[in-house]
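Following are the structures in question.
Two complexes come next, and they have one chain in common, subunit A, joined by subunit B in the first and subunit C in the second.
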Partner chain A sequence: DPLTLHSSAKAEGRSDLIASIKLRHCCLLRNQRCVTAYLYDRLLRIRALRWEYGSVLPANVRFHMCAEEVQWFSQYKKSLASFMRSLGGGEGLDITQDMKPPKSLYIEVRCLKDHGEFEIDDGTVILLKKNSQHFLPRWKCEQLIRQGVLEHVMS
Partner chain B sequence: MFITDIRKEFYDVVTNQRVALLVAADIDAVCACKILQVLFHCDQVQYTLVPVAGWQDLSTAFLEHKEQFQYFVLLNCGANVDLLEMLQPDDDSVFFICDTHRPVDVVNVYNDSQIKLLIKQDDDLGVPSYDEIFRDDEEDGDSGNESDEGSEPSGKRRRFEEGAVERRIERQRAKREWEGRRREILFDYEQYEYHGTSAAMMLFELAWVLTKDTKDMLWWAVIGLTDQWVHDKITHMKYVTDVATMQRHVSRHNHRNEDEENSLSIDCMRISFEYDLRLTLYQHWSLYESICNSCYTSCHFKLWTLNGQKKLQEFLADMGLPLKQVRQKFHSMDMAIKGNLRDVIEESSNKYGMKDIRVQTFGVHFGFKNRFLASDMVHATAALLESTEKDDSASDNFLKALDSLSRGNLDRLHLGIDLAKKKLMAIQQTVASCICTNLIVSQGPFLYCYLMEGTPDVKLFSKPMALILLCKYLLKAFVHSTRNKRCKLLPLVMAAPKDVEKGSVIVVGIPPESETSDKKNFFGRAFEKAAESTSSRTLHDHFDTSIIELKTEDRSKFLDALITLLS
Partner chain C sequence: MDTQSYLPVQPGVGMQENFLSLDDILLSHERLPIRTECAFPRLGYLEKATDAQDIPQGLYERKRRVLSVELPKVYREGWRTVFNADPNVVDLHKMGPYYYGLGSQMLHFDSPENPEIAQTLLQTFIGRFRRNMDSSQNAYNEDTSALVERLDCLEKFLFTSGQSGLNGFQSWEKGRASQLTASSLVLNYRKRKMADVPP
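What follows is the complex of A and B.
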């Protein structure tokens, strides 16, 4: 505690140490500010992850989060979910869909990497192979577009 | 079977289904694909597009997708082979084939349930009638039974037996005769390979029947037709007839903007019929370079000789075009010169023996600076499709070429034009060096030319379309430069290294050069037979049977077999 250090230095007649105590204290405060800013920035990014990846984070992302951050993420998830449930007159509305205003029901997407099989709503399975193009319902593709597996082709 | 009503039997069937589109790698197919994609977007037909470069790709794509799709649409592939035999599909798979490859395999023609051909029946097909090739073999069973029955000897039986034996012999003789005739008919039918109406045009007609045709689709159909002309797949007569058909559609679309009050903005697309010069890419190059690198002018002037160069200078002087103007980019040429350039060139060309310097084609115009002729687009897209820059795979290139046809992707199109210029210059230089070093040798029934591995730009010619273009230009140049009358009527076989690591070459054969050529190519069957007889290691993967891949070591024995076969 710098105040006790300060007063004890004065008492023992070592007033020449007061400047270094002050300097050290300022450094510690600065470091604390930096660390806090870093942790806060991490939290903001983790929050953005919910919007990008959905409610289940991929394993390689979770690997880089500490336990408290994971807990914070699940609490954020919960509050977002309860907010979404309260919209639309009690029926709930998924606001993480359609981040940009949609122009059409189906879109043309191009597969950028091999992703294997992908199931759509009516049970049919599509093989997502590199460089194949598909014309699919928009809401199914949004997730994969955000992950970079599919690319929206506009012509 | 042939489809008669393309709307009811094809489009209405697939409208509420999911479709797999398997598209071959040529410009006509790419254009047809774009037209079909737009139609599917309109009606929200879910589809998956897979580019296929050869028979192996086609089989792989089919195997991967057969669980998920019942309807397959094949563009520019699949008609000239027994598809059901090759793919072994389940009974409920249905294939819609829109293909220019002829002759159409007889099994595809006569299968009623699984193969639907989006081909016009009057398209010069000459399909043999059903009875000439297929026959219900019930009589065999009877003759078998009779031979079993006649085991107990008795007077009456013996006479009956003799009668039965005679009838059996007669039936067998008739069967052998029929089979002999069948082999002959099939041989004649399948001997020559050629091309029919453009797939893009067929699908444009579908769009027209649905009244969903737009100017973009019309332009793509024109490009598909022009691709067939640039790559010499159809006869001149057919080209002119098809141009007339397209011209009717163009006028129909243009009538909409003739109204003075509602004139279209400059940004809208306008397609016009042009009787333009046969100088490749001249509006995107300088006039001089275009004349030097266009097959027609280069061959007529013989620009690989000094004499030819002199003649060219005379030609330019004759037209009164200063060299400085002619070597500039076309856009920067004097307006006064550009004004009646076509007529001036035509007049002078007639004096120099080039009677058909002008050809019927179409041009598009949108925005202030965007003018393209159909042949410009074909060359640009072909260069993108077969680009050897970077290590892009065939399907990457296919998608790039597909993108370049949309009006929003002009930078890609300009990239394609640059690549096309490089390709044309490479072709001209290779032609010049082949002629000057007498690399074309007559082997008796055909001419032969082999591009060595160290040849500059030889990587460009490992691709089929580029090699075929080189082949055609080379043959034309050879015909113009040789004095040997017999050699002028010979077809040309050309080989170029395809993959140096794997030690393979690509071999193509083209029919002889003549004004009235019917473009029918017999090399497909010839290559097959030659490969069989020498057990050379060949790969007949390309949809055009006259293009094959061969191991370099087997080259000489394959060639010898081919010579013996065709003499």
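What follows is the complex of A and C.
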């Protein structure tokens, strides 16, 4: 602890060491700043993933997160979820949907990669095969478009 | 316009620095020529008195009574005259990519030339601003590397901001504002060759 070092240096008549103590302390503070800023920036990116990707992170991203970050993400998710539930007089509102004002209920989408089977509300199962095109409910597709699985085709 | 969810910590304004801003950390990493005014016993890598040393600017901040700092060339009278004559011809990226940021931080060191330094910083920015704004608002769908390569980081940030507004407006005009798009964050992670999402 530099303050104790500093005062004990004075007390023992080693005030010539004070400059060194100060400089070394400066270096430590600098390192601390770099580490803190790095970790904070990681959290900002993890938080952004909740909005841009969804509430379940892909395994490869989670692989690169430390346990505390995974826990932080899970708590952030919970806070967001309880906030969303409280909107609309207790009815709840998913604010991660319809980030752009919707123009129609159904949209044309093209599949950018194989994604397997996909069930829509009336029970129909669609096979999302690469390059296939479908006419689907907008709200069902929104997340898959954000994740880069589907592409919104404009006529 | 794509709504951004990743909002990194912005650099501080003027003489302020933001502790968590990555830009501010990078700019304070620039080396400054200094002179040590006293001995640093037991720190073998520093010599006494007249040796001129280079130390990252961020380390200097707290050491005022014990070190003295020389102004980097870019902020001294010689270069100031060049900037005052015609700010548009200078390659600010080469002159240390954080010209404005570092210049503002140098004002903390109470040099007698501070008023002139501050004035030059301001006038340089004003002199270049018009051209930067024009090019950022008019370069649509083209390679902007030639426009951007001589800008300092602050100017680059403003340029990118202007481009983003221009692109957003153009896409709205084309009726593409309602088109749902993939998240740029996701696309970036993809580009770095991460494995595909399991279905």
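Everything that follows uses one rule, which is that the second predicted complex is superposed on the first by the 148 of 155 C-alpha atoms of A that agree within 3 Å, B and C clash if a C-alpha of one lies under 4 Å from a C-alpha of the other, contacts with A are read in each partner's own complex, and residues count from 1 in each chain.
Keep in mind that, in the parts below, a contact is a pair of C-beta atoms (placed from the backbone, for glycine too) under 8 Å apart; a residue touches a chain by one contact, two chains touch by 3 or more.
Because the structure is predicted, anything quoted here is derived from the model rather than measured.
If you put the two complexes together on subunit A, you find that subunit B and subunit C both fit without a clash.
When the shared chain is aligned, subunit C comes close enough to touch A:Leu49, but subunit B does not.
By the touch criterion defined above, A:Phe135 reaches subunit B but does not reach subunit C.
In the superposition on chain A, A:Tyr106 makes contact with subunit B only, not with subunit C.
Using the contact criterion defined above for the overlaid structures, shared-chain residue A:Cys26 touches subunit C, although it does not reach subunit B.
Judged by the touch definition given at the top, the superposed model places A:Met154 against both subunit B and subunit C. With chain A as the common frame, subunit A serves as the apex of an angle whose CA-centre rays point to subunit B and subunit C; its value is 100 degrees, to a multiple of 10. Once chain A of one complex is fitted onto chain A of the other, the partner contacts of A:Gly116 are limited to subunit C, with no touch recorded for subunit B. Note on subunit A: of its two partners subunit C and subunit B, the one contacting more of its residues is C.
Following the chain A superposition, subunit B and subunit C show a smallest Cα-Cα distance of 8 angstrom.
When the two complexes are superposed on chain A, the residues of subunit A that touch both subunit B and subunit C are 154. Subunit C makes touch with subunit A in their complex at residues 3-9, 19-22, 25, 38-43, 46, 56, 58-59, 61-63, 66, 175-187, 189-190, 194-199.
Across the interface of their complex, subunit B is touched by residues 105-106, 108, 110, 124-127, 129-137, 153-155 of subunit A. Interface of subunit B with subunit A (complex): residues 18, 37, 40-41, 44-51, 64-65, 67-68, 393, 395-396, 398-399, 403, 406, 408-409. The part of subunit A that touches subunit C in the complex is made up of residues 16-17, 19-20, 22-24, 26-27, 29-30, 33-34, 36-37, 40-41, 44-45, 47-53, 58-61, 99-103, 107, 113-116, 138, 141-142, 145-149, 151-152, 154.
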